[in-house]
Amino acid sequence: MDREQQPFEDIEVRGHIIDSLLLPKILDVITTGGGSFSIDEIAVGQSRHDSSYARVRISADDDEQLNEILRQVSDHGATPIAAADCRWEAASIDGAFPEAFYSTTNQRTEVRLSNTWVEVRLQEMDCGIVIDGAGGAECRPMTDIRRGDQVVVGHLGVRVFPQDRSTDRGGFEFMNSAVSTEKPKGVAIRQVAEQLTATRASGGRTLLVGGPAIVHTGSVEALCELIREGYINLLFAGNALATHDIEHALFGTSLGVRLDCGDIVEAGHEHHLRAINRIRLVGGIRAAVEAGALTSGIMYECVQHDVPFLLAGSIRDDGPLPEVVTDALEAQRQMRSLSQGVDFCLMVATTLHSVAVGNLLPAWVRVVCVDINPSTVIKLNDRGSFQTVGIVTDVAPFLTALVADLRQLPDG
Amino acid sequence: MDREQQPFEDIEVRGHIIDSLLLPKILDVITTGGGSFSIDEIAVGQSRHDSSYARVRISADDDEQLNEILRQVSDHGATPIAAADCRWEAASIDGAFPEAFYSTTNQRTEVRLSNTWVEVRLQEMDCGIVIDGAGGAECRPMTDIRRGDQVVVGHLGVRVFPQDRSTDRGGFEFMNSAVSTEKPKGVAIRQVAEQLTATRASGGRTLLVGGPAIVHTGSVEALCELIREGYINLLFAGNALATHDIEHALFGTSLGVRLDCGDIVEAGHEHHLRAINRIRLVGGIRAAVEAGALTSGIMYECVQHDVPFLLAGSIRDDGPLPEVVTDALEAQRQMRSLSQGVDFCLMVATTLHSVAVGNLLPAWVRVVCVDINPSTVIKLNDRGSFQTVGIVTDVAPFLTALVADLRQLPDG
Amino acid sequence: MDREQQPFEDIEVRGHIIDSLLLPKILDVITTGGGSFSIDEIAVGQSRHDSSYARVRISADDDEQLNEILRQVSDHGATPIAAADCRWEAASIDGAFPEAFYSTTNQRTEVRLSNTWVEVRLQEMDCGIVIDGAGGAECRPMTDIRRGDQVVVGHLGVRVFPQDRSTDRGGFEFMNSAVSTEKPKGVAIRQVAEQLTATRASGGRTLLVGGPAIVHTGSVEALCELIREGYINLLFAGNALATHDIEHALFGTSLGVRLDCGDIVEAGHEHHLRAINRIRLVGGIRAAVEAGALTSGIMYECVQHDVPFLLAGSIRDDGPLPEVVTDALEAQRQMRSLSQGVDFCLMVATTLHSVAVGNLLPAWVRVVCVDINPSTVIKLNDRGSFQTVGIVTDVAPFLTALVADLRQLPDG
Amino acid sequence: MDREQQPFEDIEVRGHIIDSLLLPKILDVITTGGGSFSIDEIAVGQSRHDSSYARVRISADDDEQLNEILRQVSDHGATPIAAADCRWEAASIDGAFPEAFYSTTNQRTEVRLSNTWVEVRLQEMDCGIVIDGAGGAECRPMTDIRRGDQVVVGHLGVRVFPQDRSTDRGGFEFMNSAVSTEKPKGVAIRQVAEQLTATRASGGRTLLVGGPAIVHTGSVEALCELIREGYINLLFAGNALATHDIEHALFGTSLGVRLDCGDIVEAGHEHHLRAINRIRLVGGIRAAVEAGALTSGIMYECVQHDVPFLLAGSIRDDGPLPEVVTDALEAQRQMRSLSQGVDFCLMVATTLHSVAVGNLLPAWVRVVCVDINPSTVIKLNDRGSFQTVGIVTDVAPFLTALVADLRQLPDG
């Protein structure tokens, strides 16, 4: 078939399109989709910080094929040079998108409305985009859709701006498995310390997502210091972290193990249940602090230093504590709302909560995930949280070293 | 101090008290608690299947110390020879036990009411025991307590019958780490096959608790066969297993990976969301099967073969599917109710759901936990699900081999 | 500084330079090294199988900087358009290279001698290149260097041809962690079966590198069938695999565990030592087979089917068996020699031997590494064995499924 | 059959026979072996530190069965009350035991010679016992046997004294998986610090067995301090630890990664090879230190502080360094000889060397094994190194915290 007779479209793509693999990926999408291409212009930035540019003509056998290819390359930031407005349809029922809905990424996204590119608010992956009457657009999860909501369909008039993965890394890391245990850890810990300090200094907000191993491994005091010193501005956890923290405050144990000497206490496995019961009797964590019944620990410091916390329920919870939000959708809504404006997120020793929060955060929030089990970090990356830097290490000495580093930093 | 002047109590303990470590543990509790003992009678069974018996006099410095020791040894099945009725108090508020509540184990338990030992119904760990007006007793979780419920307090008049761990094992396993990857796997798989066959043959019920890796690793058809052949009578899972199963039925992918060839499909990461949306548009999984919109897969087979399923929600869910129970407490209630009468439980590739179900089952339900990650099995054991046999292996070849074994068994 | 006054060199690079990341990497090396570049010509292949081409001018501040950059980009396959002969120096002592020696990769390499590009023989990573009198060149390890050997120094006149990583993969895998446990396993196993069949059909040679978990997990018979059917032409292992295989043949146990029922045999931990002792008394494995003292198992099949085996010693060995090569350097020499001409290498459940063999094989030998522990695969990749495809799965059901697949393949 | 007509033997067993599981195990051995028993006397110690005693009559159907049972129970420390001298046979060839050889454990063992119990020297598991002319006995590995050596056969006249496992633990640990990552780490680290301090204070010797992850993770300086301060008196490692330590000293990198900032250095993967080559050119590690060519790092500190080191070769070694002992049997011999008199052994981040050293040490040497991968600890225990306490943690922060703890201890 003569190329001139084929339908075609010119697209352009900007950024670190070569070293961040965008251009190769786009070219692959085109040929995999049955199309062909010519690179009509290419300008490669001289340094790692310079942006590159490419203009590519995509040809396909027919319009359908071409549209499918355009749909796919748009996820990689390629935008047709002659763009059209986005299209939308009204939701036919509550709680579901129209069949052809545009499915969002966690990258910065714009939709074209009346010939103007408008930034989509509340960016979050796996949502739809709802157009409001005032010319705005925002991400909305499936369950929050109401009948009649105007939901963007197809890829036309939607463009995404992939976050550069390479910009702030200390060297190209293509060839390296992201999750090796054999990496210099002191450096990674110091970088986390610097990030915490910088975020605090600039008035930014840091979210800690933590699992109960923080308590089991004896790191309560380290986290308490982070809270007291203002490094942590928001805490997401589950019933287990709060319960064992309170068990530790009341009984000195975590899961029945004394944290000061490692001994197993007889009947200590009941302690966490007795701790929950006592908090329920007194009316909740905040009430317990105010009543003087809870005088130390992570939850205590959160209450004392006005650090908001969200305890999300799960089916393995005992009790749970009164503050636990047991409905998963309600917990997601509160996490969404609370995490607006977070600049840095430190995930420590929890797969469930890390994946859940990773799903909600936009790509430009820097995330560090610390776990002794490499599979947690692999899982986060598999699910699209590319901005995550994984540190495979043990939570207790990690937090101890982090606190020590923070004390030595000039602004720490 | 003269021993005769000390307070003392005679206890007795029966069962595999030596090889199941009960007696050593009881003696240790006594001396650790400050008491002393004399073994006044000991009869050791000749064979592994014979029961042993010991009568032990416990002496302590004062009554308080003695009671504390008696409280602790009672968890190991030691009962005072001269027993008293159990004691109880009324709950002062909804959703909490009296402070001194007796905290249950998952072992068979009796309470003494009006000089008669009564078996506690609905045995479950980490609950309280509520006495009803009709002379009965049952386990009840903290959140289901209502003001005025009569809740057992203290250990007096409560006795437990620890499940023998050694009885049905093929040899003593003291010296072996429970979770080694280096064990003969064919044997373990065959034993699971025999258990499934025996349970089906005797009219028993088997519960499968499964994670999405069943789908990701390409094992849908193996599990479908288990359901069709009547080996699985109940399914507990999360939104992810059902979603990726339906994604696979509708698109041939799981998390965007084609399961027939391993290729990654462009835009395939959207498939699971489109699958959920389509099911929501049609009104649910059952409705989709009835409408002919879902014609294969695990969820399809469950609907077709009247296998009840419970999909419990979590904060990392997308969607979720309409059948998902998003409230954790409600999901626990339904799991409790559905799992009554389960004889065998096979847990495959899910930490969250395995721990949750392990918390609910009584100790006499045989549990096999299959996971490629040893830490899942370690976690189950750490939390008290001692009856769990762990198999560290890969889910896909495990299920394939299991199905092949079942086909070859005489009653399979 | 004016660019025209700077020293510069034109290089060219061919192949899948964009999607295999070569070009981005080369450009990064240039700018990181302080140089600058212009892409003077670029031709991008239309399909994944077409080769691309780029001509790049590298400028630097001075000659030293330029040479350093050229040295580095040469490892990525970039060659100066105007090339010079390679340079060499004589080794000053036995067992060491000249200080400035060129350190080899495992990629196909050529050196320029008298204006002609000559392929380097015995390609192996971390060696030097020795020039012989007859105009040839070959890789030689440090310890085999003799005083006076002519060893290539510097990067001038050396060019490498990086193996295309993308060519034979079923789809781009950029975005995916290489070692996830959550991948369709049936597909991967079928591909291994096809590779074994194709290698056998074409008269190629397959090397199996195996660890003792093959025996411990009950997979002896599966491997025996692979040997009998001619799929395995060479076996590298350690004392442990052979010992436990023979223990199994003589006593029915592995590490004292009966492989037919999983029971632990009393005093069974001595079996492996008694097995070794008996083989030593009879004069070795081959002698034991010939004497009728060893009549089944992996080692038996190797002897019966003339499959050469190398058992390399390690410091954790008991015994060892008489055939074990206890000197590491001698074992490496024999592995090097035996592995010449190997087309396919299957590594199963051994980190030590997998890394050792991975170090010796050239990049064009396809390697599949099977281990239940993701860290083994990560380790192989970290050390530069990029051609390795990792399958994180359990060895026993893997081998069972592999044998079943082979039986069903048309030429299997 | 009437019991009185059966052959029988009275045995006795002493120690923590109940809580260390000896008695249950012995009773199980008897019934599993087809015999029966009566406990004719039992005296249980009051406290955890008191010894217990039992006298048991073993009956069997015939003498052969009785002897087999006696053979087995003797490994658990049970000795016939009427004992006979041990028996021995001369080895028929070099390098092999007589077929019926007694296979040693790593527990303290005595043999009866001329009616006197004689302690076996050089206790080591998986060896034979050789009787010398002077009335002594010692363990000897299979390969060191010479024709004519008098080797103990059978179990008669041999008794072992199982190491009490419970004595110095801080509480019973029956119910706990030994290798959980969820334990208080600060406590464990402090206990290691106390052990190091106590060993140094008492003039004892501490052996460190280490892997290259000590260098890769940036912990060189911490280990150097341990050496300088006299906490480490002996180092066992492989070529990799020494090589990367020297790479770090010469180039600032480990495996090409800069340890001060985590950046990957271009061509840095060659550094370790250049480091080895340079050391070979100068004649070895010691020569390099003396020549001023190596001025920092672990190996430097060993040379400067007269800490003997053994570098054992393996087949994955590059180079290797001149000091590396490449023959596995010779390396074992040197490890055996050097480790005589070691009181405490700290194993850090190496499976191969840990298992090798674990095989050589008698049961009364206290061993702590630190690894981020639980499977290493599981492997050590599976192979019989019961005295090992495993700490699943990350080596870099572990060593940092250990050094900090040591600085704060009164005698640290």
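Read from first to last, the chains carry the letters A, B, C and D; within each, the first residue is number 1.
Definition applied: a residue touches a chain if its C-beta (ideal position, glycine included) is under 8 Å from a C-beta of that chain, and two chains touch if they have at least 3 such contacts.
Keep in mind the model is a prediction, meaning the values are calculated, not measured.
Peer 1: Quick one: point me to the chain whose Cα centre is farthest from that of chain B.
Peer 2: Farthest by centroid: C.
Peer 1: Between chain D and chain A, is it the same set of residue numbers doing the touching on each side, over half shared, or a different set?
Peer 2: Homomeric contact, same residues on both sides for the most part.
Peer 1: What whole-Å value do you get for the distance between chain A and chain C if each is reduced to the mean of its CA atoms?
Peer 2: 38
Peer 1: Measure off the straight-line distance from the CA centroid of chain A to the CA centroid of chain D, and report it in whole Å.
Peer 2: Using C-alpha averages as centres, the distance is 45 Å.
Peer 1: With chain centres defined as C-alpha means, what is the inter-centre distance between chain C and chain D in Å?
Peer 2: Measuring from centre to centre gives 33 Å for this pair.
Peer 1: If I count partner chains per residue in chain B, which residues reach a count of at least 2?
Peer 2: 32, 172, 175-176, 181-182, 255, 373, 375, 382
Peer 1: With touch defined as at the start, can you tell me which chain C residues reach chain A in the complex?
Peer 2: 18-19, 21, 23-25, 27-28, 31-32, 36-37, 39, 42, 44, 46-48, 172, 174-182, 374-375, 378-379, 381-382, 386
Peer 1: Per the contact definition, I'd like the list of chain D residues that touch chain C in the complex.
Peer 2: Contact set of chain D toward chain C: 29, 32-33, 71-72, 75, 92-93, 95-97, 99, 101, 103, 126, 142-143, 255, 266-267, 269-270, 273-274, 276-278, 280-281, 312-320, 326-329, 331-332, 335, 351-353, 355-356, 359, 373, 375, 382-384.
Peer 1: How about chain B: which of its residues touch chain C in the complex?
Peer 2: Where chain B meets chain C, its residues are 170-173, 175-176, 181-189, 191, 212-213, 216-218, 254-255, 257, 259-264, 372-373, 392-394, 396-398, 400-401, 404.
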